[in-house]
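Common to both upcoming complexes is chain A, partnered first by chain B, then by chain C.
== the complex of A and B ==
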């Protein structure tokens, strides 16, 4: 299992203390679910900010990567949420039938903002933090090595499957006929897309499942399970940088939480 | 007290396999076969031992038995004993033997765990409980030794196949076991690196078991002992004896083209980059039909990247690829009466009776994808279906081929690629059989050019040559990506040497 979200591009975020990074990610994620004034404006603002931060630190191409992977789901949310959410005032009517309400739009914005925001936050964390540092970070918060490794590998499974999906889809695409006869093209369209997706997904599932014994064997042959006390090559910094990054983290979290705290005091 | 002379000291063999029998669990219709049947082997300490065997003969299974992954993760019936440096490992767990036995797998993706090259090397050293400073020292040393420093913080996913193998070898070197098992691990390494590696092992007095499906003459010269794996038995012998048993599978035959050679692809000022780490720049290059073009060069020189560009999987940063579809009649042999030929023609062409020509113009990725076949190095990424027949039929169905034509095409492809049972699930096939299935699937897809990425991984030269001849008969062009320069020169009409993302030289081969 060699796929992972991590890429060493040497950005400032790569050098940032991963313990603080994880706290910001978790803090920011929780924020997206807290009651806040005018959530239909604030929630997208928080998500757009994460997008801009990602683009600023890693480049626009990287920032687009997680969005592209969840785009089909976002489109589904966009299409399916408004018709099924009937609160608020009617916004779009066909004859006397209410199609979209203000509540439906707000709910759609809320769902898309939360989904996009959380995806971007965790992408940013895993893109800029190596597996070893993720393990060390989880251990620094009290988790045992084995549990930290298992959690980390489980989280790596998502980008691995995404990469596998890309490879398998490419392999399928390479087997398209030079010219598609009319009888094959006929009657396809959306159905064709669905039919094409099925074998790709099946291949991905089979390949993913096959990875498990290989990964287990790989881990054991690299010493996972030995009785010796495990040492650590990497260490999280414990110097002035930790203090600096902690301070930056505090400022960021205070900055994004202050409107909520002020709102709670006011009401 | 006089010390005993060296001749009187009895040195225990480093690897001692005695009466090994093993068979995988029986699944479905696949017959219960013994992978090993009372197999024995003895390798002296400090020997470089080469075990030759055809693809599918059980070399990878033997390696997995040695590292205790089999039968632990596969199930199956196991008997016999295996000793490494006198220690019976047949009752040990994999993590208990990691410091006495090193291993590099045929497919490196199976073994790589961590997200950076440096962490991958450090991981097993942490498991051994080494001090941080010692880990740092060993990591730095092997990264320099295996030329991995420039990619220390790179994700292993970004490495080429050969670089991944170098990484696995570096991990072994960092751990420092006395005995190392290399399962086709030298296959994708350039020749100079291979030579230096084996010489290094000899200098260190390491015991190395090299499992190989092809004879590397330099390796044979450097090796001390030999064996041949076939029919579940291991036969030990001299180099001459083992080569004699194996020779017929090592013959490099010429690939003959009956059709006229024509330019198929032309690349002009093509450039592509993976961020700052690697860039490919091809000023001018043409690739022909009815000929073999070999792409050679060291690991990471851009061979696979160029192939991905040729078949439209990677977008160009700049430049253009022209495809010359006119007058190319590969596969469209309307004058022949073979049912296979009829099936290879798309339905539209068959209906009109016209000789098939690729319906392609311009240079879009979609056009390239449909005109250039690309057989990945790892066949498992291109095998999707639940049976061999379904796998072969996938492309035919997409091309609208049905009925008798479909059945005839399937039968002929299975016959030509020696795929006996079409009802078998591909997962039950050996690596070599899966490679043949992958090739057979592409054979049923008419293309002007077929790219074989590291085809020599897991196949004997004889198998490769006969497979290429089947493709050559269609009149298509063949691009071979290989690390075996001598093989490339023997078989190819054109040999392109890649270096640092550039086509450093284009020479005539002997093919």
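== the complex of A and C ==
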């Protein structure tokens, strides 16, 4: 019913320190927004590199997943961007009218490469890092205990509320079965669908809200709210592997940033 | 026997004791705040990720994430709406495979919930302050709840909804413009406006409905 992006395939990236992975993802994402020499060539190169890394670590089929999800948006960018950028030399003319210019193509390539790169980076991170490790990573970067607890509890209650929603909807359907055939129901307007959904949502909200005092009582029973500092059951390790992964991360970031740093020195 | 004895234990349960003023709520313990934020975050995730209403003309879907955000803002106040709106939509993005939008959703929907919650809170306070009803309304918890519900003013709902919509649509346009270009980002605006309109309408009805169906909810606002 609900699944996260994480798949445990046991690749090298799965074993890589999530703190370093997050730093690389953020560093690489920022890089895609920085001014660089010949961005129309370099940006696609950076994005293709991420794609190849994803394909190498997770397989070509997995690497295609995020591309497929953003494909409609990429097509939209491809269609809508060129007409709005008129810089450069005309590339496509219909009669006297300039439709596409070289500046428009460059901007389109830049936007598509940047968005694809960011999408692939985030996909790679969340595909290879479990949500528990994501929370622990954010904790190690200073996320407060309370917010981490809210996220953890929310993840615990999402399947419960999702199941509750399905149960309540089934119960409402059983009480008031829909006699119209499928084709008639498909034609129902938004208002009708809304009216049908409203009692279900109300029941789900009431049932969910009623769990709040019980959860709060459970938290207080476990000692939450007392003065002493809270402790965590799990922490990310700090050992020689962390150091090794940190060094690898430093090398990767230096490698991808070096053209820009060199460019800044030259000009 | 023991029920009459005073206790120093913190209370989680919203009590049904009469209050002097409709807005005079008991102190909410940190555990209750965490529990509220967690459950409403989970509710926002489910509304965003699972509950989708198909729209026949465009063959697309409206997700009900904004319904949950406006409901939380109208019922639980700005802080809960900030946390549940931001975290809920960000987690929904992560689960749905749109992780690249998660940081943006966290910020935008959090601000949307915070702004809507602050406006509705101010509107309720103003209406209660200006009403002579406030002095005598709270003879019982039910009356208190009715007072609060009656003080959820229409102009407050409309202005909270308008500001929330502007924040959400404008910031998504800006973020989308930076990521995929402003022409492509502009395409999203009508969908965002429709989603917000549905969210305000359904959120307001759900908030009004829950005050009727579950009066203790009034004391969970902070």
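Assume the second predicted complex is superposed on the first by the 177 of 267 C-alpha atoms of A that agree within 3 Å, B and C clash if a C-alpha of one lies under 4 Å from a C-alpha of the other, contacts with A are read in each partner's own complex, and residues count from 1 in each chain.
Everything below uses one rule, namely that a residue touches a chain if its C-beta (ideal position, glycine included) is under 8 Å from a C-beta of that chain, and two chains touch if they have at least 3 such contacts.
Treat the numbers as computed from the prediction; the structure is a model and nothing was measured.
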Which of chain B and chain C A:150 touches, first, second, both or neither: second
Partner chain in contact with A:167 - chain B first, chain C second, else both or neither: first
Chain B versus chain C as contact partner of A:141, first or second or both or neither: neither
Which superposed partner A:66 touches (first chain B, second chain C, both, neither): second
Chain B versus chain C as contact partner of A:41, first or second or both or neither: neither
Chain B versus chain C as contact partner of A:8, first or second or both or neither: first
Chain B versus chain C as contact partner of A:175, first or second or both or neither: first
Contact residues common to both interfaces of chain A (with chain B and with chain C): 1-4, 131, 153, 156, 202, 206, 210, 213, 215-217, 219-220, 224-225
Chain B - residues contacting chain A, complex: 64, 67, 69, 72-74, 93-96, 98, 103, 108-116, 119, 122-132, 135-136, 139, 153-158, 164, 275, 311, 313, 346-349, 356, 358-360, 369-371, 373-374, 376, 380-385, 394-395, 397-400, 427, 441-442, 445-447
For the chain C and chain A complex, residues of the former touching the latter: 10, 12-14, 29-32, 34-43, 45-47, 49-51, 53-56, 64, 67, 71, 83, 87-88, 91, 94-95, 97-100, 102, 178-184, 187, 198, 202, 205-206, 209-210, 213-214, 217, 220
List of chain A residues in touch with chain B within their complex: 1-4, 6-9, 130-132, 153, 156, 163, 167-168, 170-184, 199-200, 202-203, 206-207, 210, 213-226, 228-235
Chain C-facing residues of chain A, complex: 1-5, 33, 65-66, 69, 73, 76-77, 80-81, 83-84, 107-108, 111, 114-115, 118-119, 121-123, 125-126, 131, 146-147, 149-151, 153-158, 160-162, 165, 186-187, 189-190, 193-194, 197-198, 201-202, 204-206, 208-213, 215-217, 219-220, 224-225
